[in-house]
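In the two complexes that follow, subunit A is the common piece, with subunit B as its partner first and subunit C second.
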Partner chain A sequence: MEVCGSSNVSLREFGCEQSLLSRPDGSSSFVQGDTSVMAGVYGPAEVKVSKEIYDRAILEVLIQPKVGLPSVRERSQEQCVRETCEASLLLSLHPRSSLTLILQVLHDDGSLLSCCLNAACMALMDAGLPMSCLFCGVTCAITAEGEIITDPTAAQEKESRALMTFAIDSAERRVMMSSTKGSFSVHELQQCIAVSQKASEKIFQFYRDSVKRRYSKTH
Partner chain B sequence: MAAGFKTAEPLEYHRSFLKENCRPDGRELSEFRTTTLNIGSISTADGSALVKMGNTTIICGIKAVKAPEDVPNVDLPPLCSSRFRPGPPGEQAQAASQFIADVIERCDRLLYILLSFHQMYLCWVLYCDIMCLDYDGNILDACIIALLAALKNTQLPEITINKETCTPEVNPAKRCGLHIHKHPVGASFCIFDGSILIVDPTAEEESLSTSQLTVVTDEAGRLCSLHKPGGTSLSGEKLQECISRATARQREIQKLIDKVIQSVKTAQ
Partner chain C sequence: MLPSCFLCVTLISIRVRNINGADLTVTRTCRMFSRLKQRVEDVLLPGDEFSFETDDTISLTEAVKPEKAVCGPGLRRSGDRLVVCKSGVLRHKPPNVFWIDSQQRRYVPAKGETVIGIVTAKSGDVFKVDVGGSEQASLSYLAFEGATKRNRPNVQVGDLVFAQFIIANKDMEPELSCIDSSGRANGMGVFGAGGLLFRVSLGLVRRLLSPHNEVRSDLETLFPCELVVGMNGRLWVRSSSIQQTLIIANLLQSCETMTAQQRKELFRRVQQGAL
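This part shows the complex of A and B:
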């Protein structure tokens, strides 16, 4: 299990494990502080004729909450994760096929959507699916005093005035996905984007290190 | 011949227009479709509004119930477009419902009418139902405008406490409106081929775009929501452009809503 300590952009301790499940083509588990998500990827596989697209693969995302059945909130999170993955995967290499990504929330202590995105990216890498770039998720919360906290816990999220989750791509460090709640000014938005881009560097370095370590062990 | 080209190669058809900096329906890249607003059309609801943006038609109804959650429900029935099948709400409808809920949740712009008498607190719960009658792209903007107009149009019956039985009584004859503090208005954009930004996409443009973005601003210039569900990445300057266009749109729509509410008041 890889572990990386928190640093001056104050991300919580995060860790990741790949290939932990035997059935899916790719799987991973991503832990950020106390928030933990497990991801499994199946594909490219057969697709129903009603759903198939002639020139590219179709991606389905399912997010299962820890307790209860998936609700409206999970559906909107699924839409965000799916469109981010579709933009970074090279889907036209697998026409008329389906890719299924399943995310299971093991524990939610804040920054859930960004933990899901990170777990999804690691699982897609583990499955060996061709991607044009990697992506990572970063959550920022703005407190009532105007302070910006990255990777907030559930308690910090509740007290915050605004909460934003961004998906940053690894090629040009631009914003691929954005989902916000609460009101904030344009200046605060730009500050949060800059902070998220800085935090994403750490996460991408972590992806690199963990994959390097894994492959140097087996061969 | 153009119709054949459009069916066979829809992306090339749109690209040939974008090269000349215009769109198939004759609009500029940064032009919104004409928006019309009609309020109070549903008599059985406490507040209602009908919004038409080009062909996209959205209707919103509000029902007030005296009980101890304001959950807007967006419905995309098969009536509005062939892409929706009958059955439980699909992902797009649910994602739209969650988006609207997030926009108004932290907006704290509704004044709930609270009565305290003998340590008894009551409040109204408003049930909002938003239904799409015709789907031609950009439903999120239209839903927000419809919800805002319907809330401004809502008249709640007055509550008095009956002194003898000490229970609250509803007086349906006298009605008072809601106080709305903030007016969030959305502007949707979509990105073609990773670089060309167009405003207020139609359904065809949405299906061909590589990325979509909705910016919701209120009258103080603050952002209520920046919703970009994935897709190709966006640079800082384009984002700034979108935000300024959204602020301009907010002022236009606020004027439109105020004008319509005013004309209804003077007509009564």
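This part shows the complex of A and C:
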């Protein structure tokens, strides 16, 4: 399991593991502090004729919460993850196929959506699906005093005035997806985006190191 | 064994006329080729790119040959850049072939590859065969050696076939054939009585099929057995007893995650009869 410590942008300790499940074509587990998500990818696989798209693959995302059945909140998170994945995968290389991404929440201690995005990216890489760029998720919280915290815990999220999650791409560090909650000014939004872009560098470097380690083991 | 689906990338060459009207062929010395060579055996991630940047100085006196780079799976051309689209190790085969060696479990059909398929349905004049891809492949009943309209091949649902792709691209349904272009079977066809079929990763299959590989030579020192290797990640083994068949199947499945040292150790223990 690859582990990385926190830095001056103060991300919690994170770690990941790839290819841990034997049935899916790609799988990964991503841990940020105490938040932990496991992802499995199946594809490109057969698709029902009613659901197939003639010129690209169809991507389905399922998020299973730790307790209970998926509800509306999981549906909105699924939409965020799906749009991010569709923007970075080369879906036109597998027309009339289906890709299924299943995310299981093992523990939620804040920054859940960004942990889901990171686990999804590692699982898609593990499955060998063609991608045009990588993506990562970063969550920022703005406290009542106006301070910006990256990668907040559940307690910090509860006390915050605003909560934002951004998906950043690896090619030009642009924002691919944003999901925000609470009240904040335009200036604060721009500051959060800048902080997230800086934090994404650490995460991409971590992706690179963990993939390097994986390929150096098996030769 | 090199995977299929390679594309050719030609580096640019331009013609210049000097004041006398004679032609001088000048080639832009592209650093991309040397940059690719520098990063051979590096682990690359999707999004890494190699651009066709040119040098500022063009040499007019030396004649430079245009260089062609053949790019394989994992590398895509987008405009004037070469972009990596799968994570893996960049491999190079001299003089000019580059590809990304990635570990994958899911098979995507490619023309010319030989695979092990399972017959799932007989509909009219074609058999539907499951090859592990995103759709089932079709196998015509005339594509067997010595098959005619009157003399149908003896293929039942559930049989294993070793066949080759004659059509396999993303836009059409894949088609298989059990004869090569000259009409001979060449080892292909229905098989499978008494053996065991199991799945491994695509990387292990490519290693088994590459010439002079150690896994096969180590396996030859153990019991005599029949082994059919399908490039869709399926292996079929048959040996003289059920126990030996199971031992070989387990050994091959565990080869994926072991280093060469551990594998030799394990094979030696089996040979001595410890397992």
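One rule holds for everything that comes next: the second predicted complex is superposed on the first by the 219 of 219 C-alpha atoms of A that agree within 3 Å, B and C clash if a C-alpha of one lies under 4 Å from a C-alpha of the other, contacts with A are read in each partner's own complex, and residues count from 1 in each chain.
Criterion: a residue touches a chain if its C-beta (ideal position, glycine included) is under 8 Å from a C-beta of that chain, and two chains touch if they have at least 3 such contacts.
Bear in mind the structure is a predicted one, so any value in this text is a computation, not a measurement.
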Subunit B versus subunit C as contact partner of A:Arg82, first or second or both or neither: first
Partner chain in contact with A:Leu106 - subunit B first, subunit C second, else both or neither: neither
Partner chain in contact with A:Arg208 - subunit B first, subunit C second, else both or neither: second
Partner chain in contact with A:His94 - subunit B first, subunit C second, else both or neither: second
Partner chain in contact with A:Val9 - subunit B first, subunit C second, else both or neither: neither
Shared subunit A surface residues [contacts with subunit B and with subunit C]: 169
Subunit A residues within the subunit C interface of the complex: 19, 25-26, 43-47, 90, 93-98, 125, 127-134, 169-171, 207-208, 211-212, 215-216, 218-219
Residues of subunit C defined as touching subunit A within the complex: 43, 45-47, 76, 78, 83, 85-89, 102-106, 108, 133-136, 170-171, 256-257, 259
Residues on subunit A engaged by subunit B in the complex (per definition of touch): 72-73, 75-76, 78-87, 161-162, 164, 167, 169, 172, 174-186, 189-190, 193
Subunit B to subunit A touching residues, read off their complex: 91-92, 94-95, 97-99, 101-102, 105-107, 182, 210-211, 213, 218, 221-236, 239-240, 243
